[in-house]
Every structure is written in C-alpha cells, then in structure tokens.
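What follows is subunit A paired twice: with subunit B in the first complex and subunit C in the second.
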Partner chain A sequence: MLFSSIIFLYYFLPVVLAAYFIVPKKHMKARNIILLIASLIFYSWGEPVYVFLMIYSAFFNYFMALEIYKEKRKGGSGKRNMLFTLIVNLFILCFFKYFGFLMDTINGILGTNLHYTALALPIGISFYTFQALSYILDVYHDRTKPQMSLLKFTMYLSLFPQLIAGPIVKYRDVADQLEDRTITLEKFGDGVVRFIFGLGKKVLLANNLGALHAAILALPDSQVSIVTYWIGMIAYTLQIYFDFSGYSDMAIGLGKMFGFEFMENFNYPYISKTITEFWRRWHISLSTWFREYLYIPLGGNRVTVPRHLLNLMIVWSLTGLWHGASWNFVVWGLYYGVLLILEKYVYGAYLEKVPEWAQHVYAMLIVMIGWVFFSSTNLTVALHYIGVLFGAGAFPLANMQTLYLLRTNFILLALSAVISTPEPLAQFKLLCKNMKIPGIIIIFVILILSTAYLIYSSYNPFLYFRF
Partner chain B sequence: MNKKAFASIAGICFILIMATVFILNLVLPDKTFSAEENRILQGLPHFSLSQYFEGRYETKLENYANDQFMLRNGFIKLKSSTDITEGKLEANGVYRCRDNYLMEEIKKPNSQYVNNSLSSLRQFKRDYPTLKMYFLLAPNAANILSDKLPATVRVNNQNTYMDSFFSNINDYGYKVIDVRKTFTAHKNNTQLYYRTDHHWTTDGAFVAYKKACKVMNIKETIKYDSYAVKNDFRGTLFSKSGFSNGMDDAIKIYLPRSGSSYKNSVIYYSDTKKKTTRFYQLNNLDKKDAYTVFGGSNHPMYTIETPTKSSQNLLVVKDSYANSFIPFLAQHYRKIVVVDPRYFYDDINNIIKSNNISQVLFLYNSNTFFQDDSLEMMLSN
Partner chain C sequence: MSKIVIDHSRVTKIVLLAVLIIFLAIVYTNANAKNVSMSKIEDQLKSKTDITSMQRCNNRQLMQFMGLDYTNYNGYIYYKSKEALGVDEILIVKVKQRSDLTSVQESVESRIDSQISTFESYGPTQVSLLKNAIVYKKGKYLFYCVAKNPDKYEGVFRHAI
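Here is the complex of A and B:
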C-alpha cells in the first residue's frame, strides 16, 4: 500500500488509529499486536507473497540474535553465528535484488547467454535487511541487548510507517519505544502536521515534477533543446527530493501519531555548499548506516591514505548499488566517492575561499548531474543527456517547446525551489506562533488539495471518441 | 506553550476530519454510473482469499475507494482549477485555448493504418470504376483555429497529412472535397467548431455542405433557418479535460424555410429497426452527450429515403462528423445508405448492389480518420 493513496489515507489509517487508541494505554502488548497486524496487511497489500519473506527474515534474525547473545554470555565470541547471519541476510537481498543484474553483467563480460527469470523486487527489502543487519551487528558488539519478544522484534522490522522507504531505523534507537511509548495530543498533532506536509510534498510537488520530467524525456529529438533538458534535470532534482523527503516526513509523522520517534532523514540537502555537506543532509539514515556498519569497521580514515581512498571507494560504490541493481547506480556512487575524495584531499580548502554563491552553484551542479545518472535507464542514455546539457549534438538553445514548458510549469518549479530551502517552514512556524487559525487552514488546504490530486488520478473519462 | 496548543488543534482537527470523512464514505450510497466520466463506477468488491492473493481484490478495493469517494466530482473540479491557476494548458490531450475554446491536439497519423486505408481505397475504386466517389476529410479545430491556440503551443501540422492524403486519393480517381479554404474564409464570422466538443457545429457542417455541393455538382434548392435548441451544451472535450472553461455552447438545428420545396425523408435504422421522419432527436438534448441529437448514437447502418426528383442513390461512409451533415444531403438523393465502418460488419458489396448505389461519399474528420483501421477492414472485407 502507498501512503499517497485514498485507500491508505481515508480507510486504512483511520481504522488502524481507531483500533490502536481504543485499546487502553496500559495494554501495550495489544497495541503492539494491532500495529503488527496493520503492518502485515499494509505490506501484503497487492502483492501478498513476499510478506512471508519478511516474516522469515524477522524470525531468522530474532533467533540468530538470541543465539549470538547466548554464545557471548557463555564466553564465546559469537563471530561465526554473526557472520552466518550476515551472509544469509545479504544472500537473500542479493538473490532478490541483484540476481538479474549479476547475470546481465556476467553475460556482458563473458559474452555468454545465460537465461534467468527476473524476480519481482520485494518492496522495502533493502530497508528492512539493513535494519536487521544493524540489529545483529549491534547485538554482536554489545551495543544493544537482544529483543526477547518475537512479537516486538517482528513489529520493529515490519513497522508500516517506515517499512517501504525508510528512514532506516536502527533497532537500538527504538528499543525503548517498543516497550513503552508516550503519546500526547501535542505529539499526535505534531505527527499530523508532519504527515500532511510530507503528503503535500509527494502528491502536489513530486508527482507533478515527475510528470514534467517524464514529458521532457519523451520529447522527440526534433523538439529537444538545451534549456529544455536543463529544465528536465532541475525538475528531476526537485522531484526526487520531494518524493523521498516527503515519504520520510510521512513516515516520521505517522510514527509520531503512534508514539514513535524516528531519526530525521533529510536536512535541506539543496542548501549545501559542498558535496561533503550534501551527504550530511541527504538520506541521513542511509549514510550514517554505511558509516557505522561499513566505513568505520573498514578502518575509516584512521588508516594510510591509499587505504582510506580504497575504503571510500568501497563504501560509495556499495551506496550506489544499494539504490538499484544497475551500473548507473554504481557510477553514481563512485562519482560521489571521487568528489568526496577530491574535496577532502585536493580542493576542499580552496573551495572555502570562493564566494558562497559559487559554492552553492558548485554543489548543486554536481548534485544535479549526479541525478542524471540516477534517473537514466542506462549509462548511454545518461551520457547522451549530459552531452545535450553542455551543447553536444547541435540542439537549439531553446525553442517553442521550452517556452511552453516554462509557461505551464514555472509556478510549480519556483514554488518547489523555494520549499526546498528552510525559509518557508521557518515562516510557517513563526505564523503558527502568532496566529493559529491561518496555520491550521494552510495544513488542511494541503490535505484537501492532495486528496483532490489523488482522486483525479482515477479520473478516467470514457468517451465515445470513436463516434 | 503556543506551539503545543497549535499541534493539539491540528491533531483534533485531523481526528474530526478523518472520522467525518470515514463515516460519510460509509454512509453515503454508492453510485453505479458516473455521467461526467460516462463509465460504470467500481462497486464494493466481494472478498475472496484467492483474489486477495492475486492482488485483484486490492486493486478493486482501491478503485472502489477512489470511485465512491464523497464529493468526487468536486475534488476533480478542484484539481482542474488548481492546474489552471498554476498555468497548465493541457489535460488528457486537450488544450485550453483563447476565446474559451478547448481543442483536441492534432495526433500524428498512424502511418500503417493510413497506408492500409489508402490501398483499400484504391482497390475499391478499381472494383467500381463507374461509381462517382467523393472524399470529404474535415480539418479539426486546432488546424483551422490554430490562431486561438495558446501562444507557446505548437500542434502537429495537419495540413501536410491532409495534402498528402488528398493527392493520393486524387490519383486513384476520387473527387476531393477540401473545405479548408472555405473554413478559413468563414472562421471569423461563423462558429465552425464547438468550444467544448470535438465536432464541428451545424453551421460548420453547413459551410462544408455548400462546398460539397460545388464539387458534387448539386444545386442547393432549399433555404434553411437555424434554431438553437440547446444553449448549455458541454461536450466531449469538456469531459475529457475536466477544464471548466465557463462558456457553454449552443446546438443549432437547421429547418427548411416554409414555402420551400422541402421533401420529408423516411429514415430507417437497421440496428434498432426503427422508422422515423425526424433527423433530429430532440429528447437527446438532455442527455450527457447532447451531440446525439443528430441521429442518435452510433448506428452501424441506416437508410434515408426521400421522394426527390433525382434518381441517384448515395452511399455515405462516415464517422460522427457526418451526423449533422447528412440531413442537408437528403434533399438531393432518392436514397442514402449510411454506414459507419467502425460498427458495420456486413458485406459492403451487397449493400452497393442491392441499393443500386451510384455515388459514394466518404466523410471523416482528420484526427479520427488518421487513427482508424476500420475502413480498410470494411472495404477489403
């Protein structure tokens, strides 16, 4: 199920909220059971088979963590069990996510023609596998105690607010909340506001920006112009931010409604002045995960320079690969690896001396071009697109199509660009401090407009056009 | 304190809204049909485990939630007006144009279909070398009224498609009825196309008829007066785009001036087996698609017999543009057989023989014709 759907918003959510709050607070176990059932329905909606894979993953990691813990209590290291658990988790992830990619790569390199059946990707598998891995490693390193209750652990792994698109919530961050959660009306209301902002970002901004980007990609060569492709790149840049951060907002907001506190996942990444800063602000739960569970165990930066470079490249190629099973994601990851190395070892110090606006331009250009790799179906397409951006291929600077796109999307683009900075939210908070009613109105206008856009997606006039 | 109070108010409002909407959605009766969208709405699906595991139950339930949402049409209007405010000019292939016009985009011809139509037309003329054959291919609004398109919109050039088609069938021996020049000449003083519908108006059809008379060697004998029979018509483009352009159209019908030598026709619809003397079905004016005032909905075939002096029998092969055009022709032919290849599955050769057809008129609008494969299927049978 998607958050941005009528069935979730107006049927699933009210029913789950009602069921949850009808149960008195002292019966935390019953509330947990309700959340677990809701999560399983949410996950299995439309494609029920893979829910068994997730349940298997929960059971397996639950028991293996206890096994590791027991072994350590007996004085053992638990290392073999830990490694075994890691391998099984990674094997499942690779089998479902990277099998086709691996076969294609082998076929490509060896010129073979091995046949395989491509599997549908289980939704959220990258997210919950990483959550499970963080749990196992934390138990192994004594950073947390294992969860004794299978119910609570399964609920943690399958918790529907963050299940399918993050944030990647570490077990130790929510361990206490699995036992007990305080919910106040203020916290619930905070969650509502957060959720509605996220919904608006996704439905009103990201979806429309996505339509613009798709329309530009679909243009025949005769209508392509350089400025049009720049608009397309900007549209995608804004789309992916609002899509992803909107989803995180909705997840954090929903979590709050049920009493959870999830970590922040985005912190206005597009106001960054360097790439290093960008990655401190973008998908924070993923970059901290890689930092904690891969980069630091590899030695981090407390090693020789060549080794440090290698560590960075390993981390960033895997970060790229995590986003999707295709070479352009690997290139996208390595692209950032190289840039981060350059900033650290080559020109970072000089960068600080140039004017601030130039630093912003630098960072945004790199990020936007990065998104071209990210959004293209393959590397050839990406390189062609980047070529056009910089004048290769004799396309006109602009044409009537460019004007049309600007005329029909200017407000959307301008509004999106402004909302990607912290200022609007700061202004909103200021407004709410002084006058509550306008603030409330803004929030519910966003809810109503989002509903209208969601309903319109099913507007399907059937006309006797052939008559 | 302030921030807390704000969050509390937001929380309470949310609970109230969600509860109200939830209850209303449950309580309000489900609708089976949407007049606006002209389709059956999804009803509450029956649960079965097998459908659930195939994902079909979920899809149906989601459609149900969308289709039966309270104030659905209001939400759709709200979305459209937001789009307009935001500067959107297009929805579902319909452009918002000047002077409150909505216009359908010009589609690129489906070249395979066009080639098939062409070769079957060539063969058809070869099979019936003695029959006079005419082809009226009407241009669409976005072609004739291109000056009303938004400044930045460039539609495909329909004229090049039409020119190439005309030159081909001209070579095969068809007489081309090209109304573009006369349309362009009339466009400033006559409303040739509806603002909210993809058809030409009756006035537009009449202008085309005058042009056809010249090519087909017909003498206009009857004087007509036009009467508006509906003033709040909103057609297919309005439904398709959801744009409310705030301008209703008038539907006109042409009736013969008293004292003219007008002869009443008898129309026989072979699908419904109904006989009538009326070209205009005025009770259709209150229907959602009021254009059906012109001869009703789609008939695969019908015949019109008129006690004219002429002994010529005409076959009309057509799409819906012909519906408002055909009444004018009736005064010039003893018998007219009208077929719509999209719904007609009989043998056209039998029709030609048994009705003693002496002339054939093809009448289509370009957008439909260049996307159509049914003519070839009918002609090559």
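Here is the complex of A and C:
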C-alpha cells in the first residue's frame, strides 16, 4: 500500500487513527498492539507472503539481541552471536536483492547460461534490514539495552510510517518512544501539515515530473535533441527529490500523528555547493547509518591516506549497491566516492574560493549527471544518455519537440525548482504565524488537488520501491 | 547414566535457521515460471478466450491508461474494452527484473482505484467487475484482468507459463 493512494488516505489511515485514539493514553500496550496490527496489514497489502519474512526477521533479531546481551552479562564478548546475526540478516537481504545480480554477473563473466529464478523484492527489505543491523550492533557495543518485549520490537521494525521508504530509524533513537509517547494537539496538527506537504510533493510534483521524464525517454531517436535530454535529466533530478523527500515528509508526519519523532531525512540537498555538502543533506538517515556502522568501524579518516581512500571507496560502492542490484548503481556510488575524494584531497580548497553561484552550478551538474546512472536501466543506456547531453551523435541542439516540452512543462519545472529551496516553506511558516486561515486553506487545497490527481491519473510510480 | 543437557539457545537457533531455509525454499519454488514469449501467451488467449472482442492497445495507450513505459519491460499484452463505458481489460507484463513487479502492481492497483472512483456514482456493474479484478504474479510476469469471467483468462495464462 502506498501513502499516496486513495485507499490509504481515506480508508486505512482514518480507521487506524480512530482505533488508536479511542484507546486511552494510559493503555499504551493496547495502542502498540493496534499500531503493530495496522503495520502488518499495511505491509501485507500487496505481498501477503513477505509479511512472514518480516515477522521472522523481527523474532530472529529480538531473540539474537537477547542472546548477545545474556552472553555479555556472563562475561563473554557476544561476538559469535553478533556475527551469526549479521550473516543471517545479510543473507536474507542478498537472497532477495542480489541473487539475480550475482547470477547475471557470473553468466556475463564466464559466458555461462546458469538458469535461476529471480525473486520479487520484499518491500522495504533494505530499510528494515538496516534497522535490524543497527539494533544488533548497538546492543553488541552496549549503546542500547535489548528490548525485552517482542511486541514492542516487532512494532519498531514494522512500524508502517517508516517501513517501506525510511527514514532508517535507529532503535536507540525511538526506544523511549516505544514505551511512552506524548501526543499533543499541536504535534498532531504539525504531523498532518507535514504529511499533506509530503503528499503534494509526491503527487503534484514528482508524478508530473516523472511523466515528463518517462515521455522523454520514450521518444524515438528522430525526435531526440540535446536540450530535450537536458530537460529529461532536470525533470528526473527534481522528480527523485520530491518523490523521496515527499515520502519522508509523509513518514515523519505520520510518525508525529502517532506521537513519534523520526529524524529528518532531507535538508534541501539541491542548495548544496559541494558534493560533501550534498551528502550531508540527501538521505541523511542512510548516510548516517553508513558512517556509523561501516565507515567509522573501518577506521574513518583516522588512518593513513591510502587506507582512507579505500574506506571511502568501500563505503560508496556499498552505498551504490544498497540502492539497487545493478552495475549502474555501483558506478553511481563509486562516482560519488571518487568525487568526495577529489573534493577532500585535490580541489576542495580551490572550490571554496570561486563564487557561490559557480560552486552551486558545479554541485548541481555533478548531481544531475549522477542521476542519469541512477535512472538508467543499465550502464550502456546511461552512457548513451550522457553522450547525447554533451553532443555525441547526430542529434540537433533543439527541435519542435523541445519547444513543445518546454512550453507545456516550463511552469512545472520552474515551480519545482523554487520549491526545492527553503524559501517557500519559510514564507509559509511566516504566513501561518501571522494569519492561520490562509495557511489552512493552502493545506486544504494541496490535499484536494492531490486527491483529484490520485483519482484521475493512473501514473503514480514510486522510485524508492526497488530499494 | 550420564544426563543429557539440552542447550535451549542452540536448539532455538537451529530451529530458526531451519524455518528460514524452508521459507526461502518455498518462496523460490513458487516463484518459478517458464520463459514463454508474449506472442505465445497471446496466441493461447486468442484461441481459448474471446480476447479479440477487446481492442489491442499500443505503447502510447499503455502509458496513458496504465502509467507504464513499455521501454522498461521485456514485453506486454494489453487489451481493453472497445466500448466507451466498458471496463474490461487484460494486461500481462513481462518485467526485466522481478523487483520491477512491485511497481507494475502498484500501477495496476492505482488503475483499479482510479476506475472505481470514475464509475462509483453511476456504474454499479462496472464497479462490481473492477472489484473482482484479478492481479496475479508469477516469475517475471504480472497478470491483470477485469472481465465478466476473469478466472477463464487467468486459467489460460497460468497454463501458458
């Protein structure tokens, strides 16, 4: 089930909220049970079989964390149990996500034709596996105590607001909230506003930008031009931001409605002036996860320069692979690894001296080209696309198709670019501070428009599903 | 006689591993499907059902009605009712990677929701057909059908793969 669907917005969510708030606050256990049941129904909506995998994962990690804790209390290190748990979690993830990729790679390298059955990816498996891994590692390193209640742990792992697209919520960040949560009318209202903003970003902006990008990709060669492909790349750049940050906004908003506080996942990444800054602002929960559970244990930057370079390349190739089981994702990750190394060791100091607008253009160009690797089905397609952007092939600079696309989509692109900066939200907050009614009207209009779009348009893709 | 000591913790881990392996084996076995060309499936549907009473749709219509870009898939069959108020349609998509099935399914479900909303106030027959829609995944295929007897089409599809 998607947040941006009629069934979620007008059936599932109101029923769950009603059931949740009918139960008095003092019966937190009953509220947790309601949230758990709702989460399992939400998860099993499209793929009922994989709900068993989710329940299994919850039980397995719950049990193993207690084993590690018990062993440590007896004076042991808990290392064997920790490694066993990591291996099983990663095995499950690899079995569903990377098995086909591995077989294709073997067939490609050896020229063999080994037959295999590729499996459907359980929704959100990359997100909940990383949450489970952070829990196990935190228990192992004594950064948190294990959860004694299976109900609360299963609820944490399967919590529907952040289940299918993050943010990747660390157990220790919400451990207290599993026990008790404060919900005020103001917090609930903030959650509703945040959710509707996210819905608007996803449905009104991302879906339309996605339709534009898909239409450009579907053009026959005779209608392709260099500027058209630039429009396609810009559309995708904005689409992925509004798609994913919109979903994160909805998750954070829903969390607030149920009394949770999740970490922010985006902080206006497209205003960045360097790639280092971009990755501090984009998918923050994933970057934090990799930094805390991989980069720092590898030694971080407190090692020799060659080792630091290796650490960065390991982290970034795995970041790429986390996003998808395909070589173009690995290349996308390595592309950022190399650029971050260059910024740190080669031209970072010079970059600071150029005008801010030039820094911004530099960062955005790199990010947009990166998205070509990300959006393409394979490396050949990505390289062809990038080639066209820079004049390879016999494509004209612009044609009638380009003018048509610009004329019909200019407002959408310009509006999206403006909304990807902090200013519109700052203005909205200022407006709400001075006058409540216009703010409420804006929110209401976004909800109505989004609903209308969901009813009358069947184009509602979700980019982060495949992760 | 020596006393047998049972290590409950170890037994639980072994049981958990066994459960996982059995589960994965079942999922893997059930996900298997033959690699059949779309034209063969279409031929079987044409000979065993009245699919030809519907209109065969092209790439543009696939995008327009289902929100699916044909370049992302290995093939598709899409037939739609010829009548303006008809909701009958059959879609079979063969994806490149099974992970793509989820997004195809979302598009299909979105289409069903959108059609139900359209016909809700004046087309109870159409709504009833839409509520009986079949969405079925096997291997790299997704089958979606809205028709008077969707089981018939599904049976032919299941048999074909």
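Assorted remarks:
As a convention for this text, the second predicted complex is superposed on the first by the 457 of 467 C-alpha atoms of A that agree within 3 Å, B and C clash if a C-alpha of one lies under 4 Å from a C-alpha of the other, contacts with A are read in each partner's own complex, and residues count from 1 in each chain.
To be clear about the criterion, a contact is a pair of C-beta atoms (placed from the backbone, for glycine too) under 8 Å apart; a residue touches a chain by one contact, two chains touch by 3 or more.
This structure is a prediction, so every number in the text was calculated from the model and none was measured.
Aligning the two structures on subunit A places subunit B and subunit C in clashing positions. In the superposition on chain A, A:G100 makes contact with subunit C only, while subunit B stays out of contact range.
Contact comparison for subunit A: of subunit B and subunit C, B touches the greater number of residues.
Legend: residue contacts after superposition of the two complexes on their common chain; A:K436 is shown touching subunit B, with no touch to subunit C. By the touch criterion stated above, A:I455 is placed in contact with subunit B and with subunit C alike.
By the touch criterion defined above, A:I7 lies against subunit B and subunit C together after alignment on the C-alpha atoms of chain A. When both complexes are overlaid on chain A, the residue A:P297 reaches neither subunit B nor subunit C.
In the superposition on chain A, contact of A:V49 is made with both subunit B and subunit C.
When both complexes are overlaid on chain A, the residue A:F84 reaches subunit C alone and has no touch with subunit B.
Residue contacts after overlaying the shared chain place A:I123 against subunit C, while subunit B stays out of touching range. In the overlay built on the shared chain, the residue A:F63 is in contact with subunit C alone; subunit B does not reach it.
The clash between subunit B and subunit C in the overlaid arrangement falls on one stretch of those listed (5-13, 59-67, 221-229 or 275-283), that is 59-67. Comparing the two complexes, residues 5-7, 46-47, 49, 454-462, 465-466 of subunit A contact subunit B in one case and subunit C in the other. Looking at the complex, you find that subunit C touches subunit A at residues 9, 12-13, 16-17, 19-20, 23-24, 27-28, 31-33, 59, 63, 65-67, 69-72, 96-103, 105-107, 109-111, 113-114, 117-118, 137, 139-140.
Per the touch definition, subunit B reaches subunit A in the complex via residues 2-15, 17-19, 21-22, 25, 36-39, 52-53, 55, 58-59, 61-63, 65-67, 69, 72, 75-76, 78-80, 82, 86-90, 92, 150-154, 198, 236, 239-240, 242, 289, 297-298, 319-320, 342, 368, 372. Those residues of subunit A whose C-beta lies close enough to touch subunit C in the complex are 2, 5-7, 46-47, 49, 52-53, 56, 59-60, 63, 67, 84, 88, 92, 95, 97, 100, 117-121, 123, 211, 214-215, 217-218, 324-325, 377, 454-462, 465-466.
Subunit A makes touch with subunit B in their complex at residues 5-7, 10-11, 13-15, 17, 45-49, 185-193, 196, 400-401, 403-404, 407-412, 429, 432-433, 436, 439-440, 443-444, 447-449, 451-467.
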